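Each chain gets a letter, A, B and C, in the order it is written, and its residues are counted from 1.
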Amino acid sequence: MKWEQRKDLLGLKDLSREEIELVLDTAVPMKDILKRDIKKVPTLRGKAMVTVFYENSTRTRTSFELAGKYLSADTVNLGVSTSSVQKGESLKDTIRTLEMMGFDLMVIRHSMSGTPHYVARNTKMRVINAGDGVNEHPTQALLDMYTIREKKKTLEGLKVAIVGDILHSRVARSNIYGLTKFGCEVRVVGPSTLIPPEVEKLGVKSYYSLEEALKGVDVINVLRIQRERQQKGLFPSLDEYASLYMLQPEHLKLAREDVLVLHPGPMNRGIEISSAIADGNHAVIEEQVTNGVAVRMAILYLMMGGAKDEIAG
Amino acid sequence: MRLLVKGGRVVDPANDLDKVLDILVEDDKIVETGQNIYAEDCIIIEAHGKLVCPGFIDLHTHLREPGFEYKEDIYSGTRAAAAGGFTTVCCMPNTDPVADNKTVISFIKEQARVKGVVNVLPVGAISKKQEGQELSPIAELFQAGCVALSDDGRPVRRADLMRYAMEYAKMFDLPIFSHCEDRDLSGDGQVHEGFYSTYYGLKGIPAAAEEVMVARDIILSQLTGAKVHICHVSTRGSVELIRRAKEEGVNVTAEVTPHHLVLTDEVIGSYDADTKVNPPLRSREHVEALLKGLNEGVIDCIATDHAPHEREAKDCEYNMAAFGISGLETAIPVSMKLVHEGKLSLKRWVEAYTVKPASILNIDRGSLTPGGKADITIIDPELIKTVEVEKFYSRGWNTPFKGMKFKGWPFMTIVNGKIVFEDGEIKV
Amino acid sequence: MKLREKARIMDEAAMKRALTRIAHEIIERNKGVENVALVGIRRRGGPLAERLARKIEEIEGVKVPVGVLDITLYRDDLTTLSAYPLVHRTEIDFDINDRIIVLVDDVLYTGRTVRAALDALIDLGRPQCIQLAVLIDRGHRELPIKADFVGKNTPTSKLEIVNVLVKEYDGEDGVIIQEIIDDE
């Protein structure tokens, strides 16, 4: 297995299919731990990890924190508002300081693409990308893939539609890089202004029509739409967006009978997804959250379980 | 003082020369070029196996002084120029204060005289403070010695102001150096908009952001008859617009940078901010069109857009990093790669650094004509060296070429008859 | 590292006899198997636990619950390994609280695996007691751990490797001793 060589998890574009499978396989026993009365194993005793989020996200941060705690790692959250970032400290100095405090691993979220890569180059700590700009959100895609695989038994050859603001979505990108490695037919659908240029070169099909895109799909992954895109002139109004792209019960008839509906959360009900779908029996949105903890435990185990000195930079 | 450059391959496109010749220099002038020149009491420069060219001229340099001396100043910038084989640089006006009046221009010229080692020709601002609202005192700038006008770095947004600038500049025959960028289209883009911006999730700058302004300025040149020089052309569309304009007799010229000629946007995947430059590194099709344009003369010259930055401006998040590449010291080796690969003729290459920029500036340099100023660039075309930023004379270490090996480096730089750079060392 | 088979200390029949004896001992020790469950330690403890359960059923006519325990996450040597082991599932689908749990493993050596298994088990609940059954006890304990039921005591050198083979994974039953030889 390749993991012993890998210092950082920066994105799914760099991961092989085998590595992804290893994460998903490892997440299965991790999920069992979540079901126990005593949700803790001593595996990462004496290891310390820090989550540094330059962008708000209660969900991902809490998920990482819990994953670390369930594995007995000491977990610290660096609140950006309470840290020296507010005092104008450079990112590099922040990283150095954390490294000197003795953290083994850093989980970083940043609004700017490539920042985790920059961080990883500048530290001996292991670095997990918890979302960088519009580049990647590897752990979200891994938990999506875990959820799909758990329900469908396999990822091989599935048809997956990703709906919404593809241009600004790191979730979409990571899903594309991951799913295409398993021979999935990935379709992206959204308004033309939110489909990135040359997206089909990533090995996906792009659509403007939701109805077209959903024909015969096994999975629909609905993305969150940000209000600020409207202010930038990328689409006229949320109402018009909803009229074209909100996932509603009649859409599911176009898909396969056992279609799964995923959403990375938090949801805008009535804009990108109707409540009837969000609360319906095709939605696996709540399970995604549980699986997120299991997948992050798997990643932490794989990244911190080995001997530190032997991991190449 | 006399210098005799012996036995080098003299490449002087202005005089259609390409043969082994000697050149005799006396004081600041070239006195003779010919075979087997014999002269007494002179310093002999052995140039066997070297290329002896007219002094290279860079139309597009940011010397950063006054105001940004922590990035570069006239001392370090002109040394970088000399080390890079340049004898003349045109320095851009986006300093602090902006070079929009004779005081700043005089200051730059005085600093260049006192601590510079190459010819420094200042470019004045088109608009006051480069704010794009009111014209700079163009007559005053001309009288103070500016050779061109530009709002480089802060392109003129208002078409009407650009029109007036062109009409007014025409009175003094000053070219307008236009940085063509529609800031609404480029927005907060970081890299070329295309496959790699999608793949690496970085905000793109479409080729159209440049092309709409190239089109505008060509049309305004047509309207006003002014000399317009398009800076750092980076797209296929721009090349085509310029080609058509030239065919129609529009008074337009253009430059391309070495980095846009040899790098594609594929390199952004490292998220190394040294690959961040404006206009951005483009995709293969654009790079190929630029080379074709340069070969065909649609693009007249190669200019560095030398944009040095302090370490902190690049050692950070990609989006936070400053745009720009420190280019003076790598221009020759990087662009000579194209000559070695047979993609660009030696004559065209030399022309693009010498007679072409000289004619755009309308200055009496860029050739080895006897009687002219003795600006000479001597290149060792076979020397192979790695780009080591730690050895740069420039304060800016920001280059995507760091650590890369190139063949063909400056051997000696002679400015106004004085050796200022020889074999890796500044001599003054 | 090269290995050479040095001796075969148990064949299929011997293994069967040993397991039969252990089954009898478990029944006798616990005065029946009413409250007994078997938990095999991955990997080869799993099939051995299954076989003991079948044997007990043959003798007593009672089906005892069987589970498998993966102790990877409880190992004490994780930080020293460069390649960390794969994690597998623990499959114990019965309540272990107040039961007599017989842990089953193939070889008892340093005792570290059993230590990890005890921790793993206790995280799952509070058994009435935990007993240990092993096919081979090869000595060299590093922790104060002792087996309750032993198939065979085999003195070994630390340079030797004891391999229990089971049909489920290895295609045959038996126990072999291998020794490390330098490949020169």
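Convention: contacts are C-beta pairs under 8 Å (C-beta built on N, C-alpha and C of every residue); 3 or more make two chains touch, one makes a residue touch a chain.
For reference, the UniProt names are A = Aspartate carbamoyltransferase; B = Dihydroorotase; C = Bifunctional protein PyrR.
Being a predicted model, the structure only gives us computed values, none of them experimental.
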Answer with line, ring, star, complete or other to describe the graph linking chains that touch.
line
Taking each chain's centre as the average of its Cα atoms, which is closest to the average over all protein Cα atoms shown?
A
How big is the gap, in whole Å, between where the Cα atoms of chain A centre and where those of chain B centre?
45
In whole angstrom, how far does the Cα centroid of chain A sit from the Cα centroid of chain C?
40
Where the CA atoms of chain B average out and where those of chain C average out, how many Å apart are those spots?
76
Mark out which residues of chain B touch at least two other chains, giving numbers and ranges.
none
Residues of chain A that touch at least two other chains are none
If you look only at chain C, which of its residues touch chain A in the complex?
70, 73-74, 78-84, 86-90, 119-120, 123-125
Could you please specify the touching residues of chain A with respect to chain C in the complex?
1, 3-4, 22, 25-26, 28-30, 32-33, 36-38, 40-43, 46, 71, 298, 301-302, 305-308, 310-311
Would you mind writing out the residues of chain A in touch with chain B in their complex?
13, 90-92, 110, 112-115, 117-118, 132-136, 170, 173, 196-199, 201-202
Quick check on the complex: what are the chain B residues that touch chain A?
193-195, 197-204, 270-271, 312, 315-320
